[in-house]
């Protein structure tokens, strides 16, 4: 089997941000994304979510370059203002041209 | 008499359901409406209110509504300005947070509005059908004025085009305005077919919705303590002030007891659906812990229990004065 | 006559929907109500039943209800004790699992109760309004007695405070008890406004709910085989025994045919909402494969189809005997 | 007259809600019904339609229905064959995709059917109760014929057993057929209890559902451009052709204006629930971008707005001709 | 603590495939699976999902051998026809006899 | 970019356990958690879930120490009695003070 290395970036954020986040991630080079509804709490925990649909968990499988851009972008545009968590892990994929 | 009226309000199923929701939080029950159901109920309420308003509007003449509409527009701009000033006096909040709160009080609360309608219906007081049009009109300007006030306190420039688009295409606005148009177009005849669903069921569905609102508001209670006495005072006092202004405007623009009372309630109420969504996106620097606690944790239950009967009484009083 | 009655029960939409759900599982269809909708329907049913019971209670005098309430309390303690003993005779289960099953049969099934009400209404038999109070009263003691019986078989000490808190604040209890209070407070006048939603719609919503219950019960069928003949025998026999005791208690405490029959059905029915949740948390050592199969897989459909008409007939018979 | 009728259709709440949904997509609003609610509404509609059809069927005599049933069966086989041929003329699609599209047009659309019923009811035109039976009968054969036609173009052998099982146990079929049987068994008496839920609420619920359908269809609009003029032509022309055939068959098999019109609408309509699910599983090589765009993006709104009033008028015309 | 190496295979696919996918994965040796509802977009993006319940995200924790079989199976039977994403990451478990 | 190593602990358990699990994880030192609704099956598969909301999937990003405590705790208090799965993977985060 011919598995290739990629990064899985997981972003948990307020559901109201969905449209924006998807637009931004796509612009930054993510070729796809998967979203699930979630709820939770964190150290900041100053949220609006109760009324507007809790959190979303966005997962993107990307290469290192896009990962770098995404993290940088989040650091500037999301982390300071929004309830937002993010972590990265190493994954392997077949069909690497898709990711 | 006022007491009797207040009691009848307090013992109505929707208000009791709200109390049950609060209680469920207090005793740490895991009771919660599923997110999808909460969404569905708000869609139902917004669309239903819109349609009913539209049908009523299709029965109104331009002559009777143009003055109230202008009155509502003025209130929509004045209320957030007043709120912004008032917060300056009563709290130590910065301009960003004051603007955010002002946006909420400048806009309106659908559920408070609905509770007022149900209350007035139970009192057998006539309400002009076009009040829902006023609701729709009051929904947006206050948010925009609030955002503009807040933007003066920001260290950055605001993308107004984007923000306006987000405000205007938000779910709640599309449903409310869309419902209004739908109601106008379909008229009394078309509405007849869907009345059992959007009309007869309404109070029951609202009862379920208020159960959830009670739970959500209950979860805000811990925040009230940290809100500071100034904000609490504002959240209790401002609705009465702004509400009275609304009732007065109603009478001055030719509305009856019912319509004026509703306009008062609209002005007194603070948004917790459209405004938070808009403010969160356009003004992330503002703290939801402040604006949601004020609008949802304090003003909403206050209006539900105290504000509505008080403003209705005031409206009766003003009518008695020949206004 | 009994046959006719049973047939009418069998061909009622809720029972047929239950059968449809069973069938859907048998033919391996992917039909399922979404989880959120299932939750919403149970909230609706619990709150609605509670409210209606409360309204009826507000019309009842203390004189007529104190005896039935004491009767129900005794049944609530006696039933799980009997079940625990009975299981000792009929099965080889250990004390923990016997206690868990006893908790289920000591508590009650809302849907079985509702089906009985609908059945009696179709038969035009009067039912005392306060039976819902009895439902609420019977909901909890049985669970606690069952847990206590089970705890004797445990090698560890039980955190009773925590368990009790979890039982008492469980969603179903909050909704049922909260609805009861809401109904009492709002009374007939307040209820009128929400009757179309919580009253007129009820049988229809129950039909949808029973479709899902059929699917859930159907998925238990494979477990019945592994349950053992003793447990199956218990699940079929105990409802009749306990139910008869309930009907008798009803007549002895002064209730009519309808009320006594309902008390019988309550005693005969086994919980599958409140009890499983409580048992799962407080008694994780007990096997859901045993208690859910018995209560939901066997007793629930048995009561729905056989138990209800039988206990109603018995109640008529006892009335005829002048009890 | 035709224009008046069309206007009344256009201004009915369900059609307006559909337009609102389209609009919401156009202005990029985030309005959407939660998935769970969409599922619940379709379950409600399918089961409700099934039950009502069953009740009506229980009132019909075999004499009046056997001819229409045979007519429907013939249409169910003929329509996909015609569609397959027509697509060969009008488009460059391969056999697999033509078969897939044919499966959709061979089957029927529940919502179009329902909209026709509501339209006819508003026109006070009598509709034979057993038309729902025809809906159920028309649902499946077309899919199977379509799959068979497509399989000729496949490079692989098809697992027919598995595919048939999946088609026959699909949620929509189980609910529709199960509802039919439930309705027949429970009859008028049983139905009475659930009529407020499944009957009176129906148009209102459908309005909400069509809001979502508008959103879903709206999202298909970009695909229409890439669909090619041939497919668009087919999606607009074929419903009229097949629909006329259906109306004619209705009259020839002895149905009145209403029933014949409904049979026409059934034939004209293309499935977007049962067929896509079946085709996706059995025929993954076919492109949803083609079959969903045609059936849901073009034919569905076309029928809703143009097809229904046209076919009803045609049916009136044929009746006038003494057919 | 005695942690053992396993692989977490994440599959995102059209919801309509749920029954099939579960059956196939179980047959191939997965001893368990966890499913969440999801939605998303990808490079293929030719989906049916709008009407039939969006996507599902299936996660299975398996050993290397089963992972290999699952990937091969997906490559033959799912990737060519269905909207379907898949990625693999390394995880550690207690109670390795369960996975 | 300054990425720090953390552990992502994923726990799949009966939904009825949500309140307890959140309380326990927080007590053990998790600074946040994210929950999604799930369903599934496993080798034990003796569940109550049908009626009470299926499973939940709880994800916590924690340091090694908290991970250790959480696994130990699960082993003693959850694994023996409840339908419960758990796996751990390595992730990287920005803003490590949050996790």
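For reference, chains read A, B, C, D, E and F in written order, and residue numbers begin at 1 within each chain.
The criterion applied here is as follows: a contact is a pair of C-beta atoms (placed from the backbone, for glycine too) under 8 Å apart; a residue touches a chain by one contact, two chains touch by 3 or more.
Since the model is a prediction, treat every value here as computed from it, not as a measurement.
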| item | value |
| --- | --- |
| Chain whose mean Cα position lies farthest from chain A | C |
| Reference chain D; chain at largest CA-centroid distance | F |
| Averaged-CA centre spacing for the pair chain F and chain A, given as whole angstrom | 20 |
| Distance between chain centroids, defined by C-alpha means - chain A, chain C (Å) | 46 |
| Between chain C and chain D, centroid-to-centroid distance (C-alpha), Å | 41 |
| Overlap residues in chain D, where contacts from two or more other chains coincide | 30, 34-37, 39, 196, 201 |
| Junction residues of chain F, two or more chains touched | 36-37, 89-90 |
| Parts of chain B lying in touch with chain C, wherever the complex brings them together | 11-13, 16-17, 20, 23-24, 27-31, 33-37, 118, 122, 196, 200-201, 203-205, 207-208, 211 |
| Contact footprint of chain D on chain E as seen in their complex | 14, 16-17, 20, 37, 46-48, 50-54, 80-82 |
| Touching residues (chain side chain A, partner chain E) in the complex | 1, 3, 6, 8, 22, 31-37, 61, 89-95, 98-99 |
| Interfacial residue positions of chain C with respect to chain F in the complex | 35, 39, 216, 219, 272-273, 276-277, 280-281, 284-285, 287-289, 292, 296 |
| Touching residues (chain side chain C, partner chain B) in the complex | 34-37, 39-40, 43-44, 47, 51, 165, 168-171, 174-175, 178-179, 181-182, 185-187, 190-191, 193-198, 201 |
